[in-house]
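Down below are the structures I want you to see.
Presented sequentially are two complexes of subunit A, the first with subunit B as partner and the second with subunit C.
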Partner chain A sequence: MIQKSRVNRAQLFALLLPGLLVFGMFTVYPIVRLFWMSLCDMRFSSMLTQPFAGLLNYRQVFGDGTFWMVFVNSVVYTLITVPGQMVIGLFIAVLLNGIKRFSVTFRVINYLPVVTSWVIASLVFRYIFNTEGLLNHFLWKVLGVTSGNIRWLDTRWSGLSVAMILGIWKGIGWNMVIFLAALQQVPKDLYEAADIDGCGAWKKFVCVTLPGIRGTILFALIELTIGGFNVFTSIKMITGGKPAHQTDTLLTWMYYKAFSTGQFGYAAALSFVMALSLGLLAIVQFRMMRSREA
Partner chain B sequence: MNTFRKILAAAVACMLLLSACAALAEGETVINFWHHYSAQSAENETLMNVLIPAFEAENPGIKVNAVSHEWAELHDKVLVSANSNALPDVARCDIAWLPEFQKMGILVALDEEMADFADVSGQLLDSAMSTAAIGGHYYALALNTNSKIVFYNTAMLEEAGVAVPATMDEWAEAVKALSGENANGQQVWGWNEPALAGWNICPFIWSFGGALTDPDQTVATGYVNGPQTVKAVETFAALVQAGAITGFNAGDIPMTDGFGTGRYAMMLEGPWKSAELAGAYPDVVYGTAPIPAGEGGSTSVLGGEDIAMFNTANREAAWRFMQFMTGEYAETEMAKCGQIPVNKAALESDTVKNADYAPFIEAIQTARARPTVAAWSEMDNGLQVAMTAIVNGEKTAQEALDELAAQWDELLK
Partner chain C sequence: MKRMNAARVRAAIIRYLLLAVGTVVFTLPMLYMISTSLRPNGALYEYPPRFFPKPEALTLENYDYILRQSKFYLNFLNSVLVSVSTILLAAAVASAMAFVLGKFKSRGTKTLFAFIIITMIIPGTTMIVPQFELATKLGLVNRLWGLIPFYVAWVIPFSTFMIKGFMENIPGEIMEACWIDGADVWTVYTRVALPLASPALASVSIFNFLTAWEEYPWANTVINDNNRRTLPIAIAGFFGQHQFTQWGYVFAMSVLTLIPVVLIFILCQKFFVQGLTAGSVKG
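And then the complex of A and B:
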């Protein structure tokens, strides 16, 4: 009997080995290596020697005014796009959950932006918001509500806003799909009980629907927060960080530091700072959800 | 199981044998040459079908294995290969990369190791060779060069009654006079500048008589915040604020489109722009002129490529190939595809004198290279940030350049 379980264990190990190897090689090893890089003075000029530098890179990251600027940009981007997507996505999901006909059609229409390529959507947004783009033409020449071209992409907050609008527009479909699935799991008898208690639609939504999909909300919140901090393509394509990095976010700034200036140590430290902040944020979000549960 | 093992062993043996054969064919030396002539270009055709066969015929026993990369990819590939000891023998490098590579210690100091270096480099333009001089040694040979000159829309200048500016004062007047609205009520600008980096701003700083650093490239204070540099930047910023210069904003009309459709009257651009305009806007009529002269003369910025040898190279064969590539024959052949030669003899050839880029050759004689220091990319970023703050009116030119000078002093240490 004992022998058999040993064989089983060996079998188990053999079966797990390929997966563990891939995981180790492509996830664990890079993370460990990246952490080591973040402690080395690794830049173009010292690629061959990589002297150990202790916390130098971390000090440089935190002492860098541009880091704080792009950090604020990422935080603002996340604070606006995450609730934006979730609220609109949930709203559409609730509407779709209530209709019997054309449900699939509406689902497809709302999901289309999700499957559109980020690069193409970003380019289209850039053409719309260019100083001589579609939107300005429409506002000035067609509606006549402005008296000249507005430079949407040329300043920090308006440039970021364009990326945020794109982020929300592109994320609604994903939220709709997962919230729709969650809504269908909420037990119908709870609604019946609420009806008997004389609850209105809003009261039912707040007291039955929201608690019923709490797990999904948490899941979406964490996924989208990570996604918000990871915004890259749209920023790169729409403003390219212009003017002078004022619209850069954490990832585009990291990319710039690593691949344009060759400061891999700085970039590695930055990515660790980012991973830690995201980890902390996820813990906080879990706690918040749990305390409400209790 | 046994059969499978046998087959596997046989396959491995075959592969080993094949690769050994390829490498050792009759004691041949293989030179690995990395470059960024794009794979579909006329330059690559000339390299693969004219130059390399000619070199191999002249040098029996040496084979050239040329590998084409994307521009940015080549840069990163060299860095990665340096880490894994897989560098090529020779590479064509953007002049901006050399200081980095030199600081990594992967380049061969040619003037130290090659006995006939002076003879070879003496055949090449001094201004172009200055891009390979780092800390008193030469780490590459100049391969081809370029610079920027003024492109102006002939009709727009005529309509506005503006002459082609010859001095910086005339330039500022002309840029202002050419700005405003066109007949269709669209905004037009006298000057386009697609970015605010050193490549864009240096020609103004230098032509105004300013400088970025001292001649030894060790200190910036007193140079990048000196009175001439400040004056150049102030003049430029005032024109931006007057709505006469644009192009560097994210929402602006791209340079070629704006110039081709008569929205930008003038721009400072390189020889590649002629081909681009001929392709995209064949109807636009334009002229070219040297950058207007200020107190520092007419001084444009030098671009181009050098050919460098890595320290893992087969020295003798690599050096022969570098000499061949910078020799009169190869430079003249490449000149036919639009590469501006740096070989003095090739510059005298009819091919070059009749080429589209002939107007650039004069600019190259007086053009200057951006600082050849490893920290340049970081310095360049600082310059862009400072220029952005100045043109947006967040800081005065003096304030921003004082801060920049302090930052650069640190980077130059």
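And then the complex of A and C:
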């Protein structure tokens, strides 16, 4: 303890300073600024005059039918892609956990979509789901389950489905890796005890595995929920929000309002509502898992 | 006992079968991308579409076209510059913060760390409007290096969190010995903490590299100049350029963009898994 007092506080602060400056300026300031912008009548065309407008932007956001449509899109996207990637990722992890050979090979191949950039992956999916593309040909001419080319990218739910399939495909690898690591931490003697009690594979999974990886499930749930609402590039590249914003999500709609119509105030209010809701949602998710633990 | 073994073998076969089928289905999109990049551009409108090109039609003409464009090298170089600068700066500032926050615990440092972590809840893209305003004020719009501070700020929370975990594991006795020897904070950080935390720095840097290498929304918002584009913007631009997308060119460029990423991923697999699982298992 005596030695601790020799530690030079100024030097400690100097080590913190560069990081704090960058973080403060480019992350914290924008968050604070976002809140302020959401209260002002800010437009791209007149960035110098920003009259205080109170809750005007919020009223506009919540009174806007398009907002509620893209809100539903984002919620559906998250509700489908988050459990989708978690269940498939966990399933693959369980399979991988029980084999000895080729485990690394399977892991590497299944992780490749994660490191593929969103722009590239989105273009590949757009190409596959093109009206004259490979999938339609396969469904119609090879399998014969459809009676013509489906215009996947031209309607609300089929366009969103393409983005959701991409989202799940791209997220499975991440889930697989973190669940595999979690499975390896579940104590072996618990499984042996379950064996002695005559539990089947499914019973063991429900009674031993799932409780054992609860922390990781919570971690994935929070991370992926944020990720689901963060969906942006795939929508931009696959449908571009067409037709008439029906496939837009919260962020692509926000981006359109900000950079195509110049309504910065509206975009800021929408962003702030999103950031706040996700924060609250993370707390709720955290609490839910905690209470189940008790 | 024998019955037990037979059941085990059957279970193993089912596992391998499911994994093999799943993996094949999983890789189809990437294989299709590669196969499209290897066929003549005109043949992309051939009907019926084929998953594999006819062997006699295989060609490298798309790659030849991309690699003969000086713009591609420029975009590639831009991406390398931005990504490498980001990982170096992020490693420097985040490791310094992680060292202080992990090794000198007080109410102040704990609060600061909690605050930094909480910001991770906010999706990065929601801040794009105030960040755009900030970039305009600072004259960072349409500047390649103007991307770097935003990327560094973006990766600081995760990097600090990861490296801090490693710093905390440095035994207190080592630190005590350093203080007794009269070492100052700076010396302990550079000579003791950094070398010991180098595995964490490696895995953090790989993640940061990927983040910067593939970042699209922000770069697309602030960079307009063709010559200052990074690779993702260049690919996206290629896609929207003509009325009929030249898919062969798009995917040839995509494959070239993915090669460094896949190489890094395969070579640094160990650090990858380490980085991914650091936060998740502790819960």
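We take it that the second predicted complex is superposed on the first by the 282 of 294 C-alpha atoms of A that agree within 3 Å, B and C clash if a C-alpha of one lies under 4 Å from a C-alpha of the other, contacts with A are read in each partner's own complex, and residues count from 1 in each chain.
Here is the rule we go by: contacts are C-beta pairs under 8 Å (C-beta built on N, C-alpha and C of every residue); 3 or more make two chains touch, one makes a residue touch a chain.
No experiment lies behind these values; they were computed from the predicted model shown.
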Broader residue contact with subunit A after superposition on the shared chain, subunit B or subunit C: C
Touched partner set for A:Arg214, first subunit B, second subunit C, both or neither: second
Which of subunit B and subunit C A:Trp152 touches, first, second, both or neither: first
Touching partner for A:Ala244 - first (subunit B), second (subunit C), both, neither: first
First, second, both or neither for A:Gly133, with subunit B first and subunit C second: both
Which of subunit B and subunit C A:Ser260 touches, first, second, both or neither: first
First, second, both or neither for A:Leu278, with subunit B first and subunit C second: second
Partner chain(s) touched by A:Ala269 [first = subunit B, second = subunit C, both, neither]: neither
On subunit A, positions contacted by subunit B and by subunit C: 47, 132-133, 259
Residue numbers on subunit A that touch subunit C, as the complex places them: 3-4, 6-8, 11-12, 15-16, 18-20, 22-23, 25-31, 33-34, 37, 47, 92, 95-96, 98-99, 102, 104, 106, 108-113, 115-121, 123-125, 127-128, 132-134, 137, 141, 169, 172, 174, 177-178, 181-182, 185, 214-216, 218-220, 222, 226-227, 229-230, 232-233, 236-237, 251, 254-255, 258-259, 264, 267-268, 271-272, 274-275, 278-279, 282
Residues of subunit B defined as touching subunit A within the complex: 72, 76, 79, 82-83, 100, 103-106, 187, 196, 248-253, 374, 377-378, 381, 384-385, 387-389, 392
Contacting residues of subunit C [partner subunit A, same complex]: 11-12, 15-16, 18-19, 22-23, 26-27, 29-30, 32-33, 36, 45, 47-49, 51, 89, 92-94, 96-97, 99-101, 104, 112, 116, 118-134, 136, 149-150, 152-154, 156-157, 160, 176, 179-180, 182, 184-186, 189, 210, 213-214, 216-217, 221, 232, 235-236, 239, 247, 250-251, 254, 257-258, 261-262, 265-266, 269, 272-273, 276-277, 279-283
Subunit A residues within the subunit B interface of the complex: 44-48, 66, 126, 129-133, 149, 151-154, 159, 238-240, 242-247, 259-262
